Amino acid sequence: MVKIGLIGFGYWGPNVVRNFQSAEGAQVVSICDINKDALNRAQKNHPTKKIISNPDELIASPEIDALAIVTPVFTHFELAKKALKNGKHIFVEKPFTSTVTEAEELIELADKKNLKIMVDHTFLFTGAVRKIKELIEDNVLGNLYYFDSTRVNLGLFQHDINVIWDLAPHDLSIMDYVIKEKPAAIVASGTAHFSSELEDIAFITVYFNSNIIAHFNINWLSPVKVRMTLIGGEKKMLLWNDLEKDEKIKVYDRGVDVENVEGVYNLLVSYRSGDIWTPKVDQTEALKLEAEYFIDCILNNTTPINDGQAGLRVVKILEASNLSIKNDGRIINL
Amino acid sequence: MVKIGLIGFGYWGPNVVRNFQSAEGAQVVSICDINKDALNRAQKNHPTKKIISNPDELIASPEIDALAIVTPVFTHFELAKKALKNGKHIFVEKPFTSTVTEAEELIELADKKNLKIMVDHTFLFTGAVRKIKELIEDNVLGNLYYFDSTRVNLGLFQHDINVIWDLAPHDLSIMDYVIKEKPAAIVASGTAHFSSELEDIAFITVYFNSNIIAHFNINWLSPVKVRMTLIGGEKKMLLWNDLEKDEKIKVYDRGVDVENVEGVYNLLVSYRSGDIWTPKVDQTEALKLEAEYFIDCILNNTTPINDGQAGLRVVKILEASNLSIKNDGRIINL
Amino acid sequence: MVKIGLIGFGYWGPNVVRNFQSAEGAQVVSICDINKDALNRAQKNHPTKKIISNPDELIASPEIDALAIVTPVFTHFELAKKALKNGKHIFVEKPFTSTVTEAEELIELADKKNLKIMVDHTFLFTGAVRKIKELIEDNVLGNLYYFDSTRVNLGLFQHDINVIWDLAPHDLSIMDYVIKEKPAAIVASGTAHFSSELEDIAFITVYFNSNIIAHFNINWLSPVKVRMTLIGGEKKMLLWNDLEKDEKIKVYDRGVDVENVEGVYNLLVSYRSGDIWTPKVDQTEALKLEAEYFIDCILNNTTPINDGQAGLRVVKILEASNLSIKNDGRIINL
Amino acid sequence: MVKIGLIGFGYWGPNVVRNFQSAEGAQVVSICDINKDALNRAQKNHPTKKIISNPDELIASPEIDALAIVTPVFTHFELAKKALKNGKHIFVEKPFTSTVTEAEELIELADKKNLKIMVDHTFLFTGAVRKIKELIEDNVLGNLYYFDSTRVNLGLFQHDINVIWDLAPHDLSIMDYVIKEKPAAIVASGTAHFSSELEDIAFITVYFNSNIIAHFNINWLSPVKVRMTLIGGEKKMLLWNDLEKDEKIKVYDRGVDVENVEGVYNLLVSYRSGDIWTPKVDQTEALKLEAEYFIDCILNNTTPINDGQAGLRVVKILEASNLSIKNDGRIINL
């Protein structure tokens, strides 16, 4: 039985509690928040659990084996470091940390202590992303050309992080999961309309050595909600519209066949256009699968797909994106 | 009566002929193409017009007052220059020229000779763009935040120009028309999958001094056709989906109201979400209006909205985009 | 304080409990179900309420002022009759009763005892239907031509009622609410594919004396879910797509203007096609408003819009529809 | 070489001319219309053809082998009869005739004279309907449950026929083609809002002995255009949305499996929900294929799928629909 303590009973924390609670082999024993209202809600909804207002008390508690850190990103490092030092496995909200250095330090510490880090890249556990992963692994799409994602809506402005750190971790973690190759460099642009520091619209291009190109359009100021990803491959192309209820993924038997490349003016291109296929996508709650997987990784001492390294890879791109924007779109090698 | 000669009876030329033919005050007197099949088609469909295989002959002809140049972009400059030297007004396919220098030379020449240049930025004459222009001019949207355009499909690969020069002129000419402010700088990224020189996917960000940001996503490798532009303003936001038949433009009474900006942590943001309005959009063929307007500008000696300067402004961004991509996304000041 | 007992803690009952519980002036004091699993769930989720397995005990209880009957339709009459005899107001799931006679008897009984009947026509309390009602009342649509509703999906086959009694009460109650005129006659068709008695697909046409025509397409065997209602009026027409999240109702400034009717061959018809308007629709949970309204009607002794008479009017059409189908589509005067 | 004369150069006639003109083995030699404007247009666009104002002259002409009758339905019978008597094959606009008796007389006459009748059920030659036919023939859908079609828009009111005779022939001819079984009976309802005689909204239910049910919703007063057909089968179900450009047909691996039917209360129903498949649909112009097929049937003396009998079957349902409406929805056995 893995005993779990949770810090941060705000918007997402209650979902984490509920899913760990129902995961086999796990038990949530205590909940911590520094906010009084959150504590009252925790008390009311979880009368049998220990409710704690001091994070240090929770982290030091010998009763817990693992700590779920569901707090703002700027607090992750300190909380995670203490937890690891106290011998606790950690489940950390995304993005993993505020800087690359922090992420590296936590990974090193966890390695030394033989503890697990799981970064809550929830999307990896959705039916849609698992299906996309499967289509790419099984080479249904063939060699990839591009990954183009749009995540825009009239968003809740965050006060401590810009739109990149708020929205892009979803798509960057998905890209990191489905494209095995390491990104080579990034270029980002964006602007802040309401404060001098926090961009509310941004665009990130990620270059790969193999010529895959990835692009992320993120925007807190869109009147409509869009959640769309296009992935183009040599053999097939797919459109993932996450707002569709029943038909999230469409696989298009469409593409170009380049017959002969002897220079620019001799490109012979022909076009394929065949059937479209909409695979059924599993509807199981992603966080439920992820919670079970965390317990499983601890009990069987295996490394999660969304470990500290995965978290670090996402933070690297986030950090580079900020740097690129502040330097007028300068390319940043990764 | 303005007598018109046309060079280039390929895909678009026949439409230009048809619309000039039916424009009041205009008469298409001769059609020229160096391709035999094109000449035969011209002969068959326009038995009463003079069909010419030598462009120089057409350009020198004293019978014509104006020349419509509907040929590949790399030929525009030489043809246009000769036409202007021969005292002909010119109607030139977009993009105007292959370089900024060429555009500037043509503008200067036309000015000297008091001749009209019209660049075929057809989209400016669509009901949708005229409605958007009106909404912005009438301050319905308020101060603009951004202009975000996506134009992707399984495109016809061009052999002499990349995806930027092929697709972006549409959206750049629209941006140029509806946003009065001069762009300050651009950052572009993109990649070529099939040849070492011609990008098939690209992303352009255009910065303005006022903090408006514009973005263009153009792609020849998309399995689905998307033609969407989001324009966000302080008072209203709009979505233009050009693939919709009846409901091309939706105006959203949505946005954020920022109450007080005293630093990052004191941003008080509230959200508005009201009705949506889908204005009726005029369905008249854009090229018909444009052809009539060209004649009108010649007869009344007025300067077209899509004059050489407009063409030059688009070419400047195209040229800068290529430069930025070749320099790994370096910012190019305009 | 209105004290409420509920019978039927199946799929919908828990929502009724939750909403009455949070309605001001109301208190749910006891929950009854004859099913053990349901009782256990009730016990677990509502540990402070009295959990009862015998309906008669609940109905006789002097502790309750009103009874919510959320059970299969064939049980409504007996339960409701006992409740009224015991001096309880009743909130009854739709359809109100299995027969017109039953509905009439209950209405009479309630009138005698001065008790309220509310039939759970939940849709009347949705933002969409309230907006439609407002548009019709304010004469925005003008005189109505038709009401055409489609409610199809891969439905849960019911074992005691056909698709008409399962799905049509929603749309019939909405029609009854927004069209003030009394229906004159109905014609229904349909078929049963899996049992000899229970239609799984049906079509109902309702005639009005004023020439309004209403139509209902209901189907348990559709691969896709459709929830669409078209309402055509002299001045405007509307489309209600209940599956849209943000744009449920579109009001079209479209229609025909008939200039002169001097016989079939002299009909001069012109067409109007103007803007479209998507009014913002209130998102408050319908059942919450309905529960508050029930309490309000009891405390202020007012007659609900969804009283026994409204329930009766719907049951009349349901009964007539079954009769029409069994008689090969014979018209049934109402 | 089959020499063709055409009567009726209105909206559809020019398309018929163009397609017969380009069909191998066919030649359009003369065009007839009683309207002067139509004749002028014919003259202008087809300067080499004989342009005739008197139908009788065309019909009697020894120069033509076949007559295309593209006139209002009330004129079909007289023109067709004369043509057959003069030994001409006929291609007749849908609906075939105004009455069943007329259709029968023409069929008999053609049989006697060994002449071909083809009724212009154009939709049978679209890629979408050919694909649907194939899916049903190949038993991909399994035994059919229903055919449910909606064809509504802000329609051009016809002055001589009601909405049923205007719009339903499309869908009835499709149903007739893809469902081999003979319809058993029909029930129709509808109403006329602007004249006492011509319904502008109507609903038709067609019963089959095998328990297939078909339904047609046709409406000249809809603010939106809808062209949708649902076809439910035991094994698969399909949705045909003819307004979609690229994804007209979706085949759903969805349905119900009824395990055991021992009476109403013992129905065990389970639900299947699998992938969706969007087959590529051929985009060849339907009328082109149909014109070539007409020539082919004449030259090879084969019977068209859309012969007089097919036309008659559609007219039977149209006639029965009118009768049913006039008799308040009485069932009409076919």
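Going in written order, the chains are labelled A, B, C and D, and every chain counts its residues from 1.
Assume a residue touches a chain if its C-beta (ideal position, glycine included) is under 8 Å from a C-beta of that chain, and two chains touch if they have at least 3 such contacts.
This structure is a prediction, so every number in the text was calculated from the model and none was measured.
Student: Looking only at C-beta pairs in contact, point me to the busier pair out of C-D and B-C.
Tutor: Pair with the higher count of C-beta contacts: C-D.
Student: Taking each chain's centre as the mean of its CA atoms, which one is most distant from chain C?
Tutor: B
Student: Measure off the straight-line distance from the CA centroid of chain A to the CA centroid of chain C, and report it in whole Å.
Tutor: The answer is 44 Å.
Student: How many angstrom lie between the CA centroids of chain C and chain D, rounded to a whole number?
Tutor: Averaging C-alpha atoms per chain gives centres 39 Å apart.
Student: With chain centres defined as C-alpha means, what is the inter-centre distance between chain B and chain C in Å?
Tutor: Here the centre of chain C sits 54 Å away from the centre of chain B.
Student: Please output the residue numbers of chain A that touch at least 2 other chains, ranges allowed.
Tutor: 224, 246, 273
Student: Where on chain B is chain C touching in the complex?
Tutor: 246-247, 250, 253, 273-280
Student: State the interface residues of chain D toward chain C in the complex, per the touch definition above.
Tutor: Residues 145-146, 148, 150, 152, 154, 157, 159-160, 185, 187, 189-195, 197-198, 201, 203, 205, 207, 211, 213, 215, 217, 219, 221-224, 230, 232, 237-239, 252, 254-256, 258, 261, 263-265, 267, 269, 271, 273, 324, 328-331.
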